[in-house]
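What follows is a set of structures for review.
Both complexes shown next keep chain A, but they swap its partner, so chain B is in the first and chain C is in the second.
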Partner chain A sequence: MTNLEKYNQAFVEALEISEDQLPGLEYQGIEQWDSVGHMGLVATLEDAFDIMMDTDDIIDFSSYEKGKEILSKSYEIEF
Partner chain B sequence: MIWDLQKYHDNTAILDEYGVSLTYGTLAEEGQRLADAIGRRCLVFVLCRNEIGALVGYTGLINGGCVPLLLNSHMDGEALTGLLETYQPPYLWAPEDKLDAFPGMTQVYSAFGCCLLRTGYGTEYPLHPDLALLLTTSGSTGSPKFVRQSYRNIRANAESIAAYLELDKTERPITTLPMSYTYGLSIINSHLLVGGTLLLTEKSLMQREFWSFFKQGGASSFGGVPYTYEMLDKMRFDRMELPSLRTMTQAGGKLSPALHKKFAEDAQKKGRRFVVMYGQCEATARMAYLPAEKAVEKCGSMGIAIPGGKFCLIDADGGQIITPGVTGELVYEGANVTLGYAERGEDLAKGDERGGVLQTGDMAKFDADGYYYITGRKKRFLKIYGNRVNLDEVDGLVKEKFPALDCASAGVDDHLYVFITDRTQGEAVKDFLVRRTKLNPAAFQVIAIEKIPKNDAGKTLYRELEAYYT
Partner chain C sequence: MSMDEVIEMLLKGKTAVVTGCSRGIGKAILERMAANGADVFAVVRRESPEFAEHCASLSTEHGVEIQTVYADFESEDEVTAAAKSILKTKRQIDILVNNIGIAFPQRMLAMTPMGAVKESFQVNVFSGLLFTQLISKSMMRVKQGSIVFLSSSAAFDGGSNIEYSAGKAAVLGVTRRLAVELGAFGIRVNAVAPGLTDTDMGRMTSEEVKTIALSRNIMKRLGQPEEIADAVVFLGSDLSRFMTGQVLRVDGGLL
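Up next, the complex of A and B:
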């Protein structure tokens, strides 16, 4: 699986949505992505990429696109 | 009148995340204007958010002698319609962006982004003179069951909380819970009593904006349900730099002893207070607290009765338990025990049905020093992210929506399992519950089984379902 596939899969699993909803998706943009959903998403991403995210990265992770940026910048994950 | 707001005339009562602030004097005046626009004592539905408009509405209505019924503004529209029809309030105080949902109502006043709507219902149910406020027990299932709280209840509980937490006007609590939720509201009530400054935000702990506001506003305390502390733990809260923070409180369900210990020890190290508390909407809000200096030593305990309150444990035969370590039903006595429930408009005329005594429905024991520990529950409900969810009500909702389906729900806190007998309906049932309760889908799992286990009398054997989730 490519990193992008893993990344998308984490969203689909944690937020129970379909892949076509991902582009442009923002925190609180759908009901599932509230604070509870966010915690599940972070946990799923950490498992998928075997990383441990910093507090600042967790609270800056405000959209699908922003998350990619954070993962590549702070955790050297290439998309 | 519950709060003497003019006493703190020049203090800041409210500061919101956009930098707007209100003094106690202005809060009193703005509240009075709303009460004057209504002009008499009557029932008013309030759609709440942690915003200035809702706060002005709540305090103005209470101090002005109206009876607010508080609801979360995110509540499902169908459930809200049901409640409006049940209670037929003459007025509704709602955020402007929600007005489209009430086309038949007339706008008569507005302030701070909220509007006062005249509903136009024909019937008006009489209100008992002691009745001050109506709060939901479930938070979200749309059940018409509300707790009737009196002026004396609210005042007594706020005074008691202010006393044991030693609150004064230097306190600056930041909102982390909805104000329509009993625990969130008790933080507001107790701080308005002492002249503190409420920091209002709709943002969550998982957002950068929350923490920026926290620091800029110099937040001194916050409250959290068990799930809040799980999130904070995940975010590695112990590494965060928060010099203004003095006190953290926890209620809304039992925190795992491991997390209790972790937060208690971290707070002790940093010179902060971590206070575990216990309560219910039926007792206005709080019944017990674990003093901060005992947080580590008595880890896992819900503490002792609040000032003015008293506990006892009752065994299965109705006798009082006097031996430490023996489990019984927890019974509370105090001035904050509410009047009773309302399930329909006629109930609003009822007076005190409890006489200051509450059977909590929780099972507990005490240790040799008199500290209490919750061991289980007598009634069938779960706490989901701090919200009480009655399992029989969930069964009822599903059966009403899917009449052909046999169903039974069970589970543990934060994880609700719905058992059904038709595999093809799983997704529909889950979607329905998520929409109706407005809880995150992660809380629900629908499991299809051959048949719901029942005894000869047709009673569901919930114990047998435990095998599927433990």
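Up next, the complex of A and C:
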């Protein structure tokens, strides 16, 4: 599984959405991605990539696209 | 099975994190957690052969695992590093006890340096919050856990100096707010508010304050650390599974 597939799978699992909803998806843009969903998503991503996200990154993680940027920049995950 | 055996197994299979457990109430909490079957991450300020020996002895006696973690709670970097070292073990944390605290001698606000107020809040409030922010992630994953904060009767009656009374009152606000926030994750958050207790910190209290405190105490005595620890064990255990956002006052009945 590629990193992008793992990343997408984390969203699909944690937020219970379909993959076609991912492009352009923003925090609080759908009911499931509230603060509770956000922490579930973070936990799923941490497990998927075996990382521990810093609090500042959890706060900055404001969209599907921004998340990729953060994982690339701070955790050396290539997409 | 006797009631004693049932009580001894309250925390069997659970993993707890206890801060500030090298002496006083924290040490009693560590001992009661171990006696009740919990594996413990014991977070203390500095390494000492006596404490290491004590942990080894508890571990052998009760068949539990005790891992020591070192952090000075005046330093946010050390608090973060301690929490991350615990999370890196990938052990599911069932119970977090935020016990660590410092106290300064009794004095009026007019004679209190602001640096002391900030230092007190850093250890008694902010570092506990930061540590909880990080450790609670382990609980959020599995949607269960129990967090216990140590407040104080001083939060209710102003029975200590300004920084301690105010800081311990802040802990109550933290407890209630976190109970609301973390309830969605099945995590309970409660506090224990001890009265004057027979510890090194309790003995720092002036005779005048002690006399006043005991005159208002129905049981007319200091609390013992184990009596506070038992309340913490109760809140950490499933016996309190329908309690959250609450403060247990363990103070001999202060009026």
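Please note the rule applied: the second predicted complex is superposed on the first by the 79 of 79 C-alpha atoms of A that agree within 3 Å, B and C clash if a C-alpha of one lies under 4 Å from a C-alpha of the other, contacts with A are read in each partner's own complex, and residues count from 1 in each chain.
Just so it is clear, a residue touches a chain if its C-beta (ideal position, glycine included) is under 8 Å from a C-beta of that chain, and two chains touch if they have at least 3 such contacts.
Keep in mind that what you see is a predicted model, and the values were worked out from it rather than measured.
In the superposed model, A:31 makes contact with chain B only, not with chain C. With both structures placed on the common chain, the touch criterion links A:20 to neither chain B nor chain C. Of the two partner chains, chain B and chain C are each touched by A:43. Of the two partner chains, neither chain B nor chain C is touched by A:76.
In the superposition on chain A, A:55 makes contact with both chain B and chain C. Of the two partners chain B and chain C, it is B that touches the larger number of chain A residues.
In the three-chain superposition model, chain A touches both chain B and chain C at residues 36, 39-40, 42-43, 55.
For chain A in complex with chain C, the touching residues are 36, 39-40, 42-43, 47, 52, 55.
For chain A in complex with chain B, the residues that touch the partner chain are 14, 16, 27, 31-32, 34-40, 42-43, 54-55, 58-60, 62.
Interface residues of chain B, counted against chain A in their complex, comprise 204-208, 210-211, 227, 230-231, 234-237, 239-240, 385, 434, 438, 440-443. Per the touch definition, chain C reaches chain A in the complex via residues 84, 87-88, 133-134, 137, 140-141, 184-185.
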